[in-house]
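Below you'll find the structure, written out as structure tokens, and then a few comments.
Residue numbering begins at 1 within each chain, and the chains themselves are lettered A, B, C, D, E and F in the order written.
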Amino acid sequence: MARSLDDETLTHRLILPRDANHHGTLYAGVLLSLALEAAYSAAYRAAGLNANLVLKRVLDVRCFEPVPIGRVVEIRGAEIHRARAQVIVAVYGSPLSDRPSPWMDGLMQFVQVDHTGRPEPLEQEPREGPLELHAPWLTLRERAMRLLAIRQ
Amino acid sequence: MARSLDDETLTHRLILPRDANHHGTLYAGVLLSLALEAAYSAAYRAAGLNANLVLKRVLDVRCFEPVPIGRVVEIRGAEIHRARAQVIVAVYGSPLSDRPSPWMDGLMQFVQVDHTGRPEPLEQEPREGPLELHAPWLTLRERAMRLLAIRQ
Amino acid sequence: MARSLDDETLTHRLILPRDANHHGTLYAGVLLSLALEAAYSAAYRAAGLNANLVLKRVLDVRCFEPVPIGRVVEIRGAEIHRARAQVIVAVYGSPLSDRPSPWMDGLMQFVQVDHTGRPEPLEQEPREGPLELHAPWLTLRERAMRLLAIRQ
Amino acid sequence: MARSLDDETLTHRLILPRDANHHGTLYAGVLLSLALEAAYSAAYRAAGLNANLVLKRVLDVRCFEPVPIGRVVEIRGAEIHRARAQVIVAVYGSPLSDRPSPWMDGLMQFVQVDHTGRPEPLEQEPREGPLELHAPWLTLRERAMRLLAIRQ
Amino acid sequence: MARSLDDETLTHRLILPRDANHHGTLYAGVLLSLALEAAYSAAYRAAGLNANLVLKRVLDVRCFEPVPIGRVVEIRGAEIHRARAQVIVAVYGSPLSDRPSPWMDGLMQFVQVDHTGRPEPLEQEPREGPLELHAPWLTLRERAMRLLAIRQ
Amino acid sequence: MARSLDDETLTHRLILPRDANHHGTLYAGVLLSLALEAAYSAAYRAAGLNANLVLKRVLDVRCFEPVPIGRVVEIRGAEIHRARAQVIVAVYGSPLSDRPSPWMDGLMQFVQVDHTGRPEPLEQEPREGPLELHAPWLTLRERAMRLLAIRQ
């Protein structure tokens, strides 16, 4: 079954001067913070209210276009992989209205931990087969699998 | 024609301790700030990239449920009325996963201004008939019309 | 007896670039946050240290003048109505030094709640007759009464 | 002539968890920021809208009482000394409702600079005689004069 | 020649409640923001004052230990690779006083861009041979090289 | 024995538009906040993890040079005096790359308090003789001693 839009978690944010670097575009520290919040929101929705997720690894964040202040940006997030105690989420910064390609994409791995901080299996079982994903999620999942293999 | 979901602007936000009051729930000052950003994002998408919108009036914001820290909240926003140089947007805080009703709703009026600050007609004409709206937008539009009539 | 200045709660704030929108004037999200803090301060002083007040409804906020960064603004706040478990506060953004009229005004309703979140009567009885108010509070109270009547 | 209350600049602020240290009381970094904003507001009002004031020296800030989150604090500010191109302002954190003495006081020196950063005389002449000050300003001015004498 | 400590850029930061998630430990969004600022500072020192660096890619960030509020953390940053128009920086969160291993490490790639946003060679030539690096930088550079090879 | 560099606590920070005043340089409220965090970090390292330090008095902060946005600043901090239950720390803003002198220096006094807020002796004894300090710490300690003598 193809993945429906309901599996995506959308966020819109207004980029203000307080979010900018000294060039008047979105500061990378704020970009990472926005990307993380969007990714966490997607993981939270995928794993359920009682999941206790923490960021384990940023596999990748790529910055393609500077975002000028005054723009409202859209970030799409989706679960692209699930294992016993972890979820991998991709985020995708939808192209700005006058640009052809995304301004950012990224891949983040969250694990569920118990109160002592040790990994704990998620309530929902990992899916039997892989998720069927549309673009851009398919490409991002393939990239995630390659990056995950690099452990040291 | 009925309004599709495409006319809505979605936002997800994680509520953190820095957003809380001393009871550990979402602080009203942050709630208003989140509601405004969601409303502006909806107005921005409705009016187009070149629109120069400023907040003229908060017609109403109602707080129904305290939001505990650690929750990811969803805010839906939609244009519910448009006149020559202004847009009215409603925001709706989708029910928390364990609650039956929204945690917040609100109504905000934005005007387009020129560089001297005077109202300027929007590029897109006001619609001929009223928008056909589903719940909760219909109720919110009726409320907006009653509140708008109170001018002094 | 006329209301003395002691019944007002004053706040001065410096508007910085981090408070600005991309036009270099006070961003509406920050404006609402400043207005709420000033209103809460007035309600807190009116209801006493042990009151447990939460925002129930923003009845109205109106934005009249853009505020450039670098300005110190003054916000006056005053209780304008009290009922069994609630206080209504008006806020008034004193005219900027080179402008004739206020840059903002607003009306906010706070309720006292117990630890389960249910309304709880305030310690101080509601006053027998209406408060005697000077401008601008009188006009704002009349507006509040009209807006309060719109419940749905 | 005695100094009237009109010569004071009042500020009320709500202390939130985002302002706290890990003991749940006002964090010193935020305290200094609040004290500076209150002092700047007082200097701004004393020196006029066109003054271009910058902080030159914090002569003193003393912390007397921890401020718990959830409190609304009041800071009073007043000009206590003026020379050719500078203003010295005192700030005073009014006693919390259940405490006998101030939670903070401080002394800050602002200078007016031109666009190259060099000191520039203020429009208003320094007063001929010293200001007549009430408590707590009198004590704070005496302290300021002693501290100012220590230059290296 | 071995790399001296002068090639490292140190940062100390106090973790406050405003930096925390709802478990009372450092929130991942703030962690990424701190890591980016430390990495940018190291890149800025390595590339010189006139370099115009922007973040191109986060190659990796790994979170090993939760950081409780109230701690002062140390982040070390160092340039580990330089090419024509880019610098790769590693960051290393020094072990907390009571823990044996780092709380975080990461790898970030910055490029120099001209005013149109296109890559521009750095003033300083890329070094002839590879930098001679001590632990932990050596391990982090090896990881960076493997991750850099994954382009799609 | 001469004081080694290990006794210093270094911090690097990027100055962003959100840190600026309306002249585009570091805002004094943020400067004080940065100075306090650097001083606290130095005191924390000097007094040990279990010390419970609170700011008692800012003895002095002097602002020498405006810091433009886009700069990475370095702040050095060092303990310059210790008594039974207190530590005095100096901070020094290293000269910007194109300037000959520091952009800021300051002196802050921290006390250790018990859970009731009363002063409590530090674990480490005060040193027998005075610390042997290099510039700039020597000058700053002399200034501190003169300022400390002014108590009222």
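Keep in mind that, in the parts below, a contact is a pair of C-beta atoms (placed from the backbone, for glycine too) under 8 Å apart; a residue touches a chain by one contact, two chains touch by 3 or more.
Computed from a predicted model, the values in this text were never measured in an experiment.
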Subunit E and subunit B - chains in contact with each: A, D
Longest centre-to-centre distance from subunit F, chain (CA-based): B
Numbering shared by both copies at the subunit D-subunit B contact, with half separating same from different: different
Reference subunit E; chain at largest CA-centroid distance: C
Option reproducing the contacts of B-C, where over half of them reappear, out of E-F, B-E or A-E: A-E
Mean-CA-position distance for subunit F and subunit B (Å): 46
Whole-Å separation of chain centres (CA-atom averages), subunit A against subunit F: 40
Distance from the mean Cα position of subunit D to that of subunit C, given in whole angstrom: 26
Interface hub residues of subunit B, defined as touching at least two other chains: 17-18, 37, 40
Topology of the chain contact graph, where touching chains are joined (line, ring, star, complete, other): other
Pairwise chain contacts, counting only pairs that touch as defined: A-B, A-C, A-E, A-F, B-C, B-D, B-E, C-D, C-F, D-E, D-F, E-F
Residues of subunit D that touch subunit E when the two form their complex: 17-22, 24, 27
Subunit B residues within the subunit A interface of the complex: 9-14, 37-38, 40-41, 44-45, 49, 72, 97-98
Subunit F to subunit D touching residues, read off their complex: 28-33, 36-37, 40, 54-63, 66, 106, 117, 139, 142-143, 146-147, 150, 152
Subunit C residues within the subunit F interface of the complex: 16-18, 69-70
